[in-house]
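Note that the chains are named A, B, C, D, E and F in the order they appear, and that numbering of residues resets to 1 at the start of each chain.
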Amino acid sequence: MPTDFKRPSGRQPEQLREITLTREYTRHAEGSVLVAFGDTKVLCNASVEPGVPRWLRGKGQGWITAEYGMLPRATHTRGGREATRGKQGGRTLEIQRLIGRSLRAAVDLKKLGEFTITVDCDVIQADGGTRTASITGGCVALVDAIRYLQRKKLIKTDPFRELVSSVSVGVFKQTPVVDLDYPEDSGADTDMNVVMTESGGLIEVQGTAEALAFSRSELDAMLDLAEKAGAELFAHQREALGLRD
Amino acid sequence: MPTDFKRPSGRQPEQLREITLTREYTRHAEGSVLVAFGDTKVLCNASVEPGVPRWLRGKGQGWITAEYGMLPRATHTRGGREATRGKQGGRTLEIQRLIGRSLRAAVDLKKLGEFTITVDCDVIQADGGTRTASITGGCVALVDAIRYLQRKKLIKTDPFRELVSSVSVGVFKQTPVVDLDYPEDSGADTDMNVVMTESGGLIEVQGTAEALAFSRSELDAMLDLAEKAGAELFAHQREALGLRD
Amino acid sequence: MPTDFKRPSGRQPEQLREITLTREYTRHAEGSVLVAFGDTKVLCNASVEPGVPRWLRGKGQGWITAEYGMLPRATHTRGGREATRGKQGGRTLEIQRLIGRSLRAAVDLKKLGEFTITVDCDVIQADGGTRTASITGGCVALVDAIRYLQRKKLIKTDPFRELVSSVSVGVFKQTPVVDLDYPEDSGADTDMNVVMTESGGLIEVQGTAEALAFSRSELDAMLDLAEKAGAELFAHQREALGLRD
Amino acid sequence: MPTDFKRPSGRQPEQLREITLTREYTRHAEGSVLVAFGDTKVLCNASVEPGVPRWLRGKGQGWITAEYGMLPRATHTRGGREATRGKQGGRTLEIQRLIGRSLRAAVDLKKLGEFTITVDCDVIQADGGTRTASITGGCVALVDAIRYLQRKKLIKTDPFRELVSSVSVGVFKQTPVVDLDYPEDSGADTDMNVVMTESGGLIEVQGTAEALAFSRSELDAMLDLAEKAGAELFAHQREALGLRD
Amino acid sequence: MPTDFKRPSGRQPEQLREITLTREYTRHAEGSVLVAFGDTKVLCNASVEPGVPRWLRGKGQGWITAEYGMLPRATHTRGGREATRGKQGGRTLEIQRLIGRSLRAAVDLKKLGEFTITVDCDVIQADGGTRTASITGGCVALVDAIRYLQRKKLIKTDPFRELVSSVSVGVFKQTPVVDLDYPEDSGADTDMNVVMTESGGLIEVQGTAEALAFSRSELDAMLDLAEKAGAELFAHQREALGLRD
Amino acid sequence: MPTDFKRPSGRQPEQLREITLTREYTRHAEGSVLVAFGDTKVLCNASVEPGVPRWLRGKGQGWITAEYGMLPRATHTRGGREATRGKQGGRTLEIQRLIGRSLRAAVDLKKLGEFTITVDCDVIQADGGTRTASITGGCVALVDAIRYLQRKKLIKTDPFRELVSSVSVGVFKQTPVVDLDYPEDSGADTDMNVVMTESGGLIEVQGTAEALAFSRSELDAMLDLAEKAGAELFAHQREALGLRD
């Protein structure tokens, strides 16, 4: 870390933004969580529907999928509405595939029974890290959806395995930092999204060199930061869900 | 009104739901208003962009347009995401055309100069009346966007003409009522959306018989209710905007 | 009415254009009507198909729907073909939803049995009022389609309730006029489409201020004109169908 | 020809259906022709627009193109509307490419100047041979559009070269026949569309074996029939256009 | 033939390019053939799938269909990827319909049983005549797919009727030539694709005048060339398949 | 590594499949490479076009982008053609975005000048690792395209920075292995794609737990394997390109 290093937000390299997880944010969804990572705000609605996609029918297991969207003016300048353009862009598809894969790691699909839980992550306001906020908040909404199934006695066993959370890490002005906001994200040399389980495992590691290649030691430093942040994120999720540590 | 008439919500026939208009709801848009008509909640973001559509270029006037969307789980059961289906449905297109026409009545486009203001109305939670809430809230966001243009000295004269608001009225169990919520909306014989200007003019009147035709006298009764509600809605808008009566 | 008021066509304010309804215009459709409101000409083909949309199956009732299209050179300048552009525009979707709703009011869907009648309204030549001509002509085609079902003994009871017709009214140069042609339509302050039943009920009232808001008294004057025109339109429909008055 | 050979319509093998060409069928298009080959009726509207497609700009020549559509109930059973399905099918694209190529042979594009003439061929009623009727009628509409350009003094020289017409021929029950109607078309072993110029040249020959391969001698017999029919079609076109023989 | 006539490639008018048919080119498809007509190279993969399209179900017969594509840089300048543009162009649809029709003539669909064979023809490198190469190579891949069905004892009788091949012929500088390469194709007055059966029948004849109309005698000369070329193509196919003459 | 560990292919854990890079595979593209990683075969065509995307214009720099496609029968069972379905799937978009980002790291875009190089990666045959083969082969095609620009004197300086290659690594039966083929890929616990530069930097690290989370030590072991494989891949690339070590 250069001696004059300073993050645009004034945060320490290992310091997360303020994290909030507001449950029951809307009233129709079986799980509805507004997650904020600082100024990044995502509404995560988990919807339970009977049945599974065609290719899973008759296998006695459930399915979890995610869809991601950005309100047109969630960003500094207005982005075109994907419904108007007639298709979801590559970035959107990539992100929602990531969220879906990540959340499936939190659940034993065999115990879920033939239900599909769709987690819609809609970005109300963007300031970097929308996909990591979506996974972290989406997991809480998913837990609420599973509790709904249990409360309604639609499933008998508990399909929940463990919490999943996600954070971005990067190298900004030669310094590894955690939870990049938009000014950092657009100026970083390297950007990495890490998805973790509460028991310490890695679900996804996606690192990208924006301008310069990164080294194994930078990768290690970033993973250390992610691990530390994960502990905080799991604590936020547990608190929001009223789970004992 | 039958003697045992009762609205599902317990409201009086002429009683609006609780109306709130929260300005500066998100931080990027030039105008950002969360409007609530009871449990119906719509985020109205007004975005200013230089330039006008091709067919208006060189005419020295501005343009105001609207887009409307519903988050997939704004409703009781999850609706498919329009971006995923690859097109906006007929209902969506119809509503956003209505919102655009209505808001253009609030502004002198010639005085706006060559700017386009796009008002995105995204329904966070739906309980009937999303289009009337969108117009009412969108007008407040539009005023904020115009104030932004003035504050930045991008326009010299004030293009704002007068406030525009909207409310639904209908015939529910043979009784004219105002501001129908979802249980009323789905059970009403007739449903009408009225868009009004503060000076007492009508911008749009869209009445639809859902099951039984309606009579001229029912139409009159509904318009009376709308007029009365309009006065309240204009007061809410003025208060939110800090305008003197 | 200003003393020097004159409609571009020389018609009186309450005077309809020449109305013709030609049945059996094409030979394949169960009902096929060419309707002309002056130079506006629409081919209305009603097609009977067994079965109903998925969401109505097993309810023992039928369905009536409409589709609307404009031949590319029905208008002064060639409009793009919607099939080439790859989607129906918002105006098209809005109009065909209106036609469908209006025609459903003419029929008791429960008595129709599990049949779907699709009324295709294709504009051969446009001169204002294509949607009102479509509803008026489409209703005659619909009656022919119902008669076909009865003649073939596919249904036992008569699902027909009453005739439905439609006309446009507007305020042109401060004067309420009926059945606007294109020069009036493009210059009118207010434009309203009214859909009526033979028994005097209103099915749809859609009034739009193009430039200036309209008043309650203007609304009343327009509705009076529409009511008067309705009587003439029903007479045309009855005559075309050979119905006694 | 088998001794008991009989065409479903009772026509002789070399007999065309009744051909009519009605000019000025609609009033907006620069050329508007309703062509009937018996019960096959196609509205051919030729529209003149200044300019040419991007890839022709600056070459000082014009362009002629065609679009083809079938009204949903032009056929025995209702076909889906292509605008609703969101794309033109392969058959439609193939036909409109054929019509465009054929009509371009009638005109010297260099003499046309930088104008585009679009010929819309919309099938009002189908009974076999819609593409050949479209070419034959479209050529008459095209001539009217060229005359419009000359009358308006928008072009100085006459770009018209010679008439183009088209007819279908086929082998039906082992017998070569001309101008197949729907019952023949669906039962024919071989179907061939021939596009000819008045001076005796061939523009397109498209023969398809539906079930059995065809021989060179059958091909020759079909071409003889087409040549003979061409003479009649050119006479119809000349008469409709008031051209001396 | 003018005395100084010379084909760009130096070939004789009746001379085919070098033809190669490489079987088992890829390992997954039931039939996989790389066909080369000189520098035109097309990969033809025949895939066997149980079942038939909906409109054929229960009729106890099979189906053969084709799809055609061009790799973006198969041509001199890069063409847009159709998957990116979101639809197949008219030329592509026209070609794949032609290939499908042609290959169905090689097989008795009734004896095929309820299987669908899809022949994908993907152009690796284009130099004129991609559709004729696709049909010629696709037929060999189709035979391999049928042999697969027989080897796996999925069908009991042999549905194969006879070989089908295709070649282009044209009039280039007033001279009829066979198997046009790109420089000839783009300069030819007339271009014709002929699809033939081994027993001497014609399946498709598609002749197009690019600039000047063609005469009956030119048509005859072209067909003579095609017939002669067909004999060579069938020999290539037989040799590749190890069939005795 | 369990004592009885055996890869399906019999390879050692650190052993790559046979790698071949065939330049000038097709003749039109400025760079054309067929890359094989064992049975995975991808045709990588690099096309040079003048100009850059709109958002880069006037910045004096070039652009490199990639498109990815899979021939329908590249896989065990036929996959639908994306051009037919009308859109590229999420997996395709994700892969082509990855290839483009990776290849841009090989080049100094400022020195490229206002040219766009599009690298089309079309999978002829798939057996796991199509994206890593695409990057490795695409980089060689890219170098050829740059050499073309230099040979034609279209650019003066050399924009090439360093080679980029890619390999997959994974945990298969608890053992880290390199360059997974399809049987391993579909059975692996963890799958990671690594993109490297010749100078030892990391461009992309994308690790995904398919079933079980992975640990930091497994991540390290996989990265070690990737680094070792990278050295071999760079040697293959240098040899193919005739570069001295």
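As a working rule, contacts are C-beta pairs under 8 Å (C-beta built on N, C-alpha and C of every residue); 3 or more make two chains touch, one makes a residue touch a chain.
According to UniProt, the chain labels map to these proteins: A, B, C, D, E, F = Ribonuclease PH.
Everything numeric here is computed off the predicted structure, so don't read it as measured data.
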item: Steps needed, at fewest, to go from chain B to chain C via touching chains; value: 1
item: Between chain D and chain F, the fewest steps along chains that touch one another; value: 2
item: Taking each chain's C-alpha mean as its centre, the one farthest from chain A; value: D
item: Distance-maximising chain from chain F - centres being C-alpha averages; value: C
item: Chain centre separation in whole Å, for chain D relative to chain A (CA means); value: 60
item: Between chain E and chain C, distance of the C-alpha-averaged centres to the nearest whole Å; value: 51
item: Of all residues in chain D, the ones touching two or more other chains; value: 86-87
item: Chain contact topology (line, ring, star, complete or other); value: ring
item: Ring walk, chain B to chain C and onward; value: B, C, D, E, F, A
item: Of all residues in chain D, those that touch chain C in their complex; value: 26-29, 32, 39, 41, 43, 45, 47, 49, 67, 69, 71-78, 81-84, 86-88, 92, 118, 120, 122, 124-125
item: Chain B contact footprint on chain C (complex, rising order); value: 87, 89-91, 93-94, 96-97, 101, 105, 192, 196-197, 199-209, 212-216, 219, 223
